[in-house]
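Provided herewith is a single structure, encoded as structure tokens, for subsequent inquiry.
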Amino acid sequence: MNFFSKLMQLDRRWVYLLLVIVCLTAYYSDFTVPTIVEDETKAIYDFIEALEPGEIIFVAVDYDPSSQAELHPMTYALVEHAFRKDLKVIFTALSQNGPGMVDQAIRDITDSLKLPKTYNGIFYEGKDIVNGIDYTFLGYKPYYAIVITAMGQDYRILFPSDYYGTPLDSIPMMRRVHNYDDIAIVVDISSGSITDAWISYGQGKFDFPLALGLTGVMTAQYYPFLQSKQVMGLMGGLLGAAQYEQLADNPGLAKDGMRVQLPAHLLIILFILIGNVGYLATRYKERKV
Amino acid sequence: MEMISIWIAAILTLGIFSFLYKDNPLYKACEALFVGVSAAYWAIVFYFDNIYKKFYEGAVTAEEPDYFLWIGAILGLLFLTRLVPKIGWVSRWPMALIVGATAGLWMVGYFVSNAMNQIGNTISNIIARDELTGAIAWGETFGTMVILVGVVSGLVYFFFSKEHKGVFGATAKVGTWFLMVTFGASFGYTVMSRMSLLIGRVDFLLGDWLGILR
Amino acid sequence: MKRQIPLVIVFVFGTLMVIQYFVPHENSEIVKGFLLDWIVIIGIFALALGLWSLVQVSIDKINSRKENWEYPLVTLISLTVMIFFGFTSHAEDASWWGYFLAIAVLLAALWMLAQGLMGNAANRNVKSLSALGLVIVFSLLAIFDGSWEFKFYTAEGLTNQMFVHFFDYIMIPLQATMFALLAFFITSASYRAFRARNLLATLLLISALIVMLRFTPGPWGEYLAKTSSWVMNVPNLAAQRAIVIGIGLGIVATALKVILGIERGYMGKG
Amino acid sequence: MRNSFEKTRASRALLLVFVCSLLLLIVSFSTSVSAQADNDSDTPADSILALAAPAPATDLKAFDTDNDHGHSITIEWTLSADDGAGANSVISYRIMKSESPDGPFDSVGLVPLGATSHVNSSAIDKNSEGYFSDNTDYYYRVEAMTTNAALFSSSEIVGPVQSSGQWFNAGLVPVLIAILIFTILTMIFVQLAKKGMDLYVRPLAGIEAVDEAIGRATEMGRPILYVLGLGSAADIATIASFTILGRVAKKVAEYQTELNVPCYDPIVMAVAQEVVKSAFIDAGRPEAYKDDIVHFITNSQFAYVGAVNGIIMRDLPATNVYMGKFFAESLILAETGAAAGSIQIAGTDEIPQIPFFFVACDYTLIGEELFAASAYLGREPELLGSLKAQDYAKAVLLASAIIGILLINIFPDFGETFKSWFEVID
């Protein structure tokens, strides 16, 4: 067995070990990767930025703990931006373990809004975010396609009360809010096929502006909908979140993560190159023989 | 308490990661624990959401009970006849209802969103013009042409009942090129999100557990 | 007959839903609502079947004492404990000992019951009897221990401290770590599979490389970012669209075959 | 909220108008104050009220909204002369509704300036807010509003008008026609196929591998793992997978190989048990069927994957078949299977996952191929016939796309009409 064929059959565990080493090194180092903002992300930011205080946005948190590393940064960046702009937010979680995600996000964002902060040169006072006035969390119901359709008629059909058991009619911000007609935009932050339902059963049927925050994997699949204007904006993966953070001038989870990305990507490319060098070299030898 | 919990979480995290080296007792234990806890968690959530809130409150204790829900319950009971071998075949009725209803439900919806709308989107001006000057935008024009070629050749690849040879075969071949480019790009695009997941766990292990965050 | 009735049901409800799509009238929406409700409720009964299957397979493995028989035991214990958490509430500042004692008694009772009913061990009657005894002890604990109680009608179990803890510190880390394995698998998969074997494989390789290098800093990166965005927006869009249309047709054809009774494989008739 | 882009634009414009009128007010106020200095008889209040009521909206029309479930009336009007022109004082329109032409009228909606229509609708549920019943007479009027709440002007009253639900959505005619064509095509080809028409299908490597893989498993004495994915019985991909499972199970029973089908969804489990059981009966080996061949694991994505990973590493199946709906777990399963040395065949309609299966598995059915697989495996003329119909439908769509593009580039007007037939929103 020569060097090249050995190179080609390198045990996968060496690959894993190197990946760990590279990630840890990058994690502990201190450099920033500049982010180029794409139009898809800017469209969402601009839309939220242009809303008047008091308008309601609808944030569908359709992921669970397994995708939180990638999608939480988006939710945080977007919801924090909305709250700073005095918008109101309705949350739903249509994936099974989603409610925990919303709970956690609300807790963290509420904490960080208590502090005054300056974004893009504008100073914002710290403030208290109050359940029922600034936001409402409807909760989880299975069979998302049905839920999305029913909410086009009235949120009360499937959510007579919110996640915490308060009847919707006794929640101040929900009193005059019934369906998609009463909100400015739906932002679906999702790690699965719930997004399809939002497009066909939500946007397709009720014609509201729909923005998507997706995991990197899914992003490619949804470009056609961006082109056909069924979707007004799209954030893809950690990079999308980093772009939103950049626009909102609020560096957070996503920017931190980007630092590890670059070396890890380069490592994978290195592996691909090694594999190919090995492959081509052995093939060349075989031909000679 | 918090300390113990984080230690447990950390051990479980390492237990799953140990699978990368090889299958081992710690991984097996984590897996078994995970199956039990998650099945129970889901059952509990399902109970309170559906059995209790939806059915019990809707069809039993409500002021105007929704008797149609009882038909659902009867269908559910029919489903349970599987447990009795002699009349087990009755359980096919609710199955048939689910399959039939969903087939009908999706059929037209998918046809509209996947076939008709996508064809509608494909029908567009090939020659793109600059909005201000009206001059031909060559870059975009090239793009729309490539899209057209890709859609047509991709669809040709999916023909099943015609042999892939001659012009037809060549077109199908171009279709496979497009598929390859797409697969490669989606794969490459995903690497980043997968790395973020790892970063999330590293964050937990080094930050929350060992407390040696930068 | 046994084969015919399900086919008729499929045809009737399938056609009904197709027609429903074209009828905007409120009665049509109401019919659809009922059908969907029924499916949800059938799901409730199915879940019971599912859990039963899990328990049965686990007990069989335990009783066989074959290699790795201990792990299904872990599954069953965690299943029982988590369900117990979900249906009970614990007084906030009361001691936890009574609660844990109850869990221990419950587990012991179930263990004896499983041995007594399904086991192949000797003295099954003794085991069944002791299971009965343990169940009585458990009931007494449930009635007289004031530090915790059963809650079947309010979702207090969901906020039970132990339930939340199990979710936060067992389910979440396990779930997230299982998912994070992908970072490793995507690395090994690209190392193993991206080889320039032929034209198609080379195309796959090149487009992956371009996209992966898209956020390298510097002018080179900016160029690649533009190229990869072109790849995503043009050839990717085209191929995705072809796949999407194909899937749409596949789904319509399959649904049609099912409704018309041409496809019966899902009922075991191939 | 029908069009929120317009709404934001409108609200910006609204802000602009508001600021402008504020400026106007200040200017008029200051001039009046200075006028007051000159002439005490003129009061500032008078000069504010001097703003005249705006011209009313005209040509009011109210009619039942088309193609809906009822409880909805559309109101249209022509802009007030003072909206964006004239005195430019209109900032919004208030839609008023009554059950009698004599009132009382209640507000049912407020739309920003520049809007010329409003849909007054309610939910089907009687208890919902703003509910109104079908087949009842209603009267409407529209009020052009200014910044001063007391200063508005009403249009004439229209009515009576009734709402009603329609029994057919006329907007979906192209879809209905297309579905009918598809159904007829399928029926024709199924009949032709039954009569013995020769039907060619091109080879699909993934399908041909299935037979071979079962043989291989038998030789090696190792089991076959069949994963139905994370879909529910309500996903067509899962239904397609059931059919494939049926064929695989039948061969497995014939070859007397072991089969393992771990499930994620309980309903899917029950159906799969039925499928496998029937397949074993068909193969003449009902005694070999056990209920634990198809078993439930858990309804949680990654716990399920963890358990399946365990099965792969411990049982070392000769072949892993993944068919149905798959999400992020696709690569976890496929890489673990590759490490265990299993032959892997996959198929899914989840587009983001296709690349991972493609890269890590030996054979992959791409999208539509999954749905065609049952016809390939069964080789029954009926199924092959419907495959032919599917191809014809594809050809029709392809031709429409090309014709549409030609039309839109040569006869733009007709082309747009043609295009609109395909852009149906239900």
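First chain written, first letter: the chains are A, B, C and D, and each begins at residue 1.
Keep in mind that, in the parts below, a residue touches a chain if its C-beta (ideal position, glycine included) is under 8 Å from a C-beta of that chain, and two chains touch if they have at least 3 such contacts.
Note that this is a predicted model, so its numbers are computed, not measured.
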Closest chain to global C-alpha mean, per-chain Cα centroids: B
Two chains joined by the most C-beta pairs in contact, as defined above: B-C
Chain A and chain C: spacing of chain centres that average the CA atoms, whole Å: 23
Chain A and chain B: spacing of chain centres that average the CA atoms, whole Å: 16
Whole-Å gap between the CA centroids of chain B and chain C: 12
In chain D, residues with contacts to at least two other chains: 124, 175, 179, 182, 234, 236, 239, 267, 270-271, 274, 297-303, 306, 314, 328, 351-352, 354, 356, 359, 366-368, 372, 387, 390, 394, 397, 426
Per-residue multi-chain contacts in chain C, two or more chains: 18, 21-22, 39-40, 42-43, 46-49, 51, 54, 68, 167-168, 171-172, 174-176, 178-184, 186, 188, 190, 192, 194, 204-205, 208-209, 212, 232-233, 236-237, 240-241, 243-247, 249, 251-252, 254-256, 258, 266-267
Where chain B touches two or more other chains, by residue: 16, 19-20, 28, 30-31, 34-35, 37-39, 41-42, 45-46, 50, 79, 82, 92, 95, 98-99, 102-103, 105-113, 115, 117-119, 121-122, 148, 151, 155, 158, 179, 182-187, 189-191, 194-195, 197-198, 200-201
Chain B contact footprint on chain C (complex, rising order): 2, 5-7, 9-18, 20-22, 32, 34-35, 37-49, 51, 54, 68, 71-83, 86-87, 152-153, 155, 157-158, 163, 165-184, 186, 190, 199-201, 203-212, 228, 230-249, 251-252, 254-256, 258-259, 266-267
Chain B-touching residues of chain D, taken from the complex the two chains share: 174-175, 178-179, 182, 199-202, 204, 233-236, 239, 267, 270-271, 273-274, 297-300, 302-304, 306-307, 309-310, 313-314, 352, 354-356, 358-359, 366-369, 372, 384, 387-388, 390-391, 394-395, 397-398, 400-402, 404-405, 407-409, 415, 418-424, 426
Contacting residues of chain B [partner chain C, same complex]: 5-6, 8-10, 12-13, 16-17, 19-20, 28-41, 43-48, 50-52, 54-55, 68-69, 71-73, 75-77, 79-80, 82-83, 89, 92-111, 113-115, 118-119, 121-122, 143, 146-151, 153-155, 157-158, 175-191, 194-195, 197-198, 200-201, 204
Residue ranges of chain D in contact with chain C within the complex: 67-71, 124, 165-169, 172, 175-176, 179, 182-183, 186-187, 190, 234, 236-237, 239-240, 242-247, 250, 263, 265-267, 269-271, 274-279, 282, 291-292, 295-303, 305-306, 314, 328, 331-332, 334-336, 338, 349, 351, 354, 356, 359-360, 366-368, 370-372, 374, 378, 382-383, 386-387, 389-390, 393-394, 397, 426
Chain A to chain C touching residues, read off their complex: 10, 12, 15-16, 19, 33-36, 38, 64-69, 97, 100, 142-143, 146, 219-221, 223-224, 227, 239, 258, 261-262, 264-269, 271-272, 274-276, 279-280
